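Should a chain be cited, it is by its letter among A, B, C and D, assigned in written order, with residues numbered from 1 in that chain.
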């Protein structure tokens, strides 16, 4: 096993990997940019090396700097996390060429599956059903128009090098194509340094269900069941579950087998995820493979009891999988909510800034994988996720109830987050019944908009009274002492009594 | 199921019960004393009622005030937590007489098992082995001397109404008896309002292993396996595990059967715990039954997946146990450390006071059941436990490694806690090997005292350099601006650069 | 002390006192008494007739005050010349003049129009990027771009003026 | 700035500067440079040649300063008349005179001696209770109780004088 491992990432996933290192007795080393000098992952690591300015292109995307830091620290392996360089063949190769171990699949597998166009061909060879469309990168809008007509509208534009919904656009008519193509290409360029996009058929009301793969370097490949990731905004997952509300063991076996076949066809090792679309008739279509750790890995960990990051590191070190497919048990149910620094009331606009106050949830069945702390200023340069909050329960209902409890305890002051949005969605009848697909959020907001506005009652509610008291108290204590002596003396008294209550 | 439930307790256990209520969709109501006006359990509840001054005898031990609060709020049930009124027959009776449900066993079972003298007789009737000794409450020192001679030194003095190590003393010779008897009686009086103590044989190097019982009101009784609670200071548990490092399924079955027999003999319902001593030959002796929820219940929850507080509330509401003995699965391993506001370097002296800074651990396998927050002033009137920290792992080693990781992330400023003590003990060879008994901590401190003092190196270690830099920085910023202008300007610069790093 | 308050579309005058942890709010001749404490700076516990309300005080960049009460966000305005002027400034629209402001802090990645251009309602004028997400700011009305305040590559704060359409 | 420091039994003179997040400590003609930041008030990150040291600053009631470095508690004294005097006051023992101080905040539940009593070393003199735990304070030496400062029922702070044995 490695003595020392460098984490080529930041935020919550860097913290998550640090914790896996501690659990394995490995010394965690991190890198950081100017914007992350005071980041949590730096505080929790054994060693931290500065690698450049805030923009990722000058720090977290610069492979040489990261490999140099690893060599300086004496780390034997590099874990790329997700995003950034995690699916860059050249980086995996550079790491190995430097005599270090890349904690992930082989450069060959990354090259094959990392590009969705190649991946679709590989999946076809492995006999897995795929979404109608062409795997060709589009040269220009003209080719996009032509291909769309062949496949038939509605179609989906997707970044060839992409993932996480960046550079994706639904196009329902030829008119929408030009600007959609340009924006998708620009986003792909910004996110992945590669503007290539391709077209595939857009399936109506599909579920997004993915299979977790674990494979060692000795040819052993198993799957750990599925995750339901249909709750998406801007084609990016926000709520995930394990198992799927369908909880269909026959479907699970079929999809699992297909996923294992695809992974083996790609000579895949490490942990990885095969994403499928599932239509209303429960037909499934291969979508893409993520040749890396997924954000939503905790829900699988909670239900199977297997630590995926530890497994990933052990596999990289050459360990043989000790668990067989038939040993995999799925017990209970887990839900994850991605807490983003975004304003759900403003179409999820980014909301970077200083976290002035932070209260995190805890207690039975609650796991908060956070990358922030009170006083931290969320930078505008990176992904908006500040924490992935997961809950576990004996049943889906218990897991959801516990998530509601945890969200209620969660308070992030100073910036807007998706917490209030989750509190509403988790009480939505369709969500509770498990009637979900990738169009859920759009319909949810339509339903919400259609609701009649509650009439303003002349009476003050208790909530309003409390709010007024707090605002009045704060207003009064800001007045110059001279202004309201009588009042101020009372604040002093209150201060004293407050002091007493603690003695 | 109840709509509203009142929690007749405070601190972490009140918070734990609030969370169970939320998970069940029950509205939690709490009570609080003057010292707890700003307590966490008040902040997290739906309703909170003031019941008196800080000393427990004027608030948390006053049954009428608590029942009155329940009736005022419209709560249908009262959960007593542990300690305080949780094992008072008269309170359970008063609650039922008020037309409310007591979330716990019947007054009959409390009276029978709550007094250890009666409990020993009941255990004998149920055919369970007991520790040699007499069950009689001692009238005075004279009787204590006489009984001790009959049983044979060393003997143990124990509070008849007690629990949690309060009012317990080992007596190894007649000389020690008088002051031990007086102190034990006084502690028993202070803790339980009853000075009665009794004597039993003191077994050398025993393990403290207890069996978790769950029984409904319809005659169904099962056990959820054992907890190892041998790591004790002052006869009070500080580290608990599930399962025991012995992990002896034969012993588990035997002890479990004995425990179920005792519970059934007591016509017991609700959750409860049968405590045993296990000697080096793995003979076990009935010690006592706790007719309430235990502090250490989380380790059983983590390994069995069963929420004991939810089960307790469901049973009180009349639910039938749906799980059979053969359905109980124990998967993985869990460890709990009780974080006390005590100074381990000063023989665990209480360390009440203000928590000036608080960082709590999180991430995979970590559960922190805390009752405090940053800024809270830990009162000197109540139990010193501020949090129970539990970790789960696939194996005992993983659970312990994760506990070490969590303790490393845990920081409590302003008061002393047992965290540094746990960090040392968890790396102790005897603890790691599972070679533990109730004398572990005493021997541990002897070993530690025997270690040669490390020579003072003239060189500054990196830790010392960091400490000096922090102290110097703080010292400098406290100097009047005039004093060290040049320096101060530098602090300003540092302040600015610090500001920049976040932008 | 006497206060003039605005919240949730209501305007009311009220008298508020707080002493020894007991707060009293009198409004429209109705008296509301509560246990009032501030366990952490900016974090309050208000107990009204036994009911617990956990409140977090939030000051917005524009000087406005919002109170999160059991997770519900309630904006409260208290008579205060400084703040009122602030709010006045915040109101961007004036007659036929539409002022485009940045909806978030970020970097201008593309400018899709030039000063003087005639634009249609909903036409994209500027694309801003933050946290790897691109956001197209569109013309709120048809008209002429009379002012263009930003160029590609520069960073802007939330609320900063991007362009003016007339 | 120049400083006189005492820690872990070492006394050293050092020069410390900090600017733009770069701290330099020079001691015994050895120069130590670190990235230095304070992510939260009283909570510091010091990076020495890549190694991360998370430090928490703690001020004790007696005015002393301790720094928790990666969980290791390191007391540091910096030349400062006020604090030095403090520490002097803290030292309780003076010749044949033994001053008994309370080891913790709590309530005096029993007084086991009277002024003038002859006591033996280790004899219990006062019993204090806090957090439901009773603690017997014993005579550090044989001698006579010349002063008895407390009575049953009163509360005391940590370090408060209970009695004097001579």
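As a working rule, contacts are C-beta pairs under 8 Å (C-beta built on N, C-alpha and C of every residue); 3 or more make two chains touch, one makes a residue touch a chain.
Note that the structure is a prediction, hence the values are computed from the model and not measured.
K.L.:
Name, by label, each chain that touches both members of the pair chain A and chain D.
P.N.:
Both-contact set = B.
K.L.:
Once you count every C-beta pair in contact for both, which comes out on top, B-C or B-D?
P.N.:
B-D
K.L.:
Go ahead and note the Å separation of the Cα centroids belonging to chain C and chain D.
P.N.:
49
K.L.:
When the centre of a chain is set as the mean of its C-alpha atoms, what distance in Å lies between chain A and chain C?
P.N.:
29
K.L.:
When you check chain B against every other chain, which residues touch at least two of them?
P.N.:
37-38, 44, 359, 373, 376, 408, 498, 501
K.L.:
By the touch rule stated above, which residues of chain D touch at least two different other chains?
P.N.:
21, 37, 40, 51
K.L.:
Residues of chain B touching chain D in their complex?
P.N.:
Contact set of chain B toward chain D: 166, 179, 183, 186-187, 190-191, 234, 341, 346, 349-353, 356-357, 359, 380-384, 408, 411, 413-414, 420, 423, 456, 458, 460, 462-476, 484, 486-487, 490-491, 493-494, 497-498, 501.
K.L.:
Within the complex, which stretch of chain A touches chain B?
P.N.:
Residue list for chain A touching chain B: 15-16, 19-20, 22-25, 34-35, 37-38, 44, 298, 301, 305-307, 309, 331-332, 354, 359-360, 362-370, 373, 376-377, 379, 393-394, 398, 401-402, 404-405, 408-409, 498, 501-503.
K.L.:
What residues of chain A sit close enough to touch chain D in their complex?
P.N.:
29, 37-38, 42-50, 72-73, 373-376
K.L.:
Please name which positions on chain C make contact with chain A in the complex.
P.N.:
So the residues of chain C in touch with chain A come to 1, 3, 5, 7-10, 12, 14, 16-21, 23, 25, 27, 30, 32, 34, 36-38, 40, 42-44, 46, 48, 51, 53, 55-58, 65, 67-74, 76, 78, 80, 103-107, 109-110, 124, 127, 129-136.
K.L.:
Sort out for me which residues of chain D touch chain A in the complex.
P.N.:
21, 35, 37, 39-41, 45, 47, 50-52, 54
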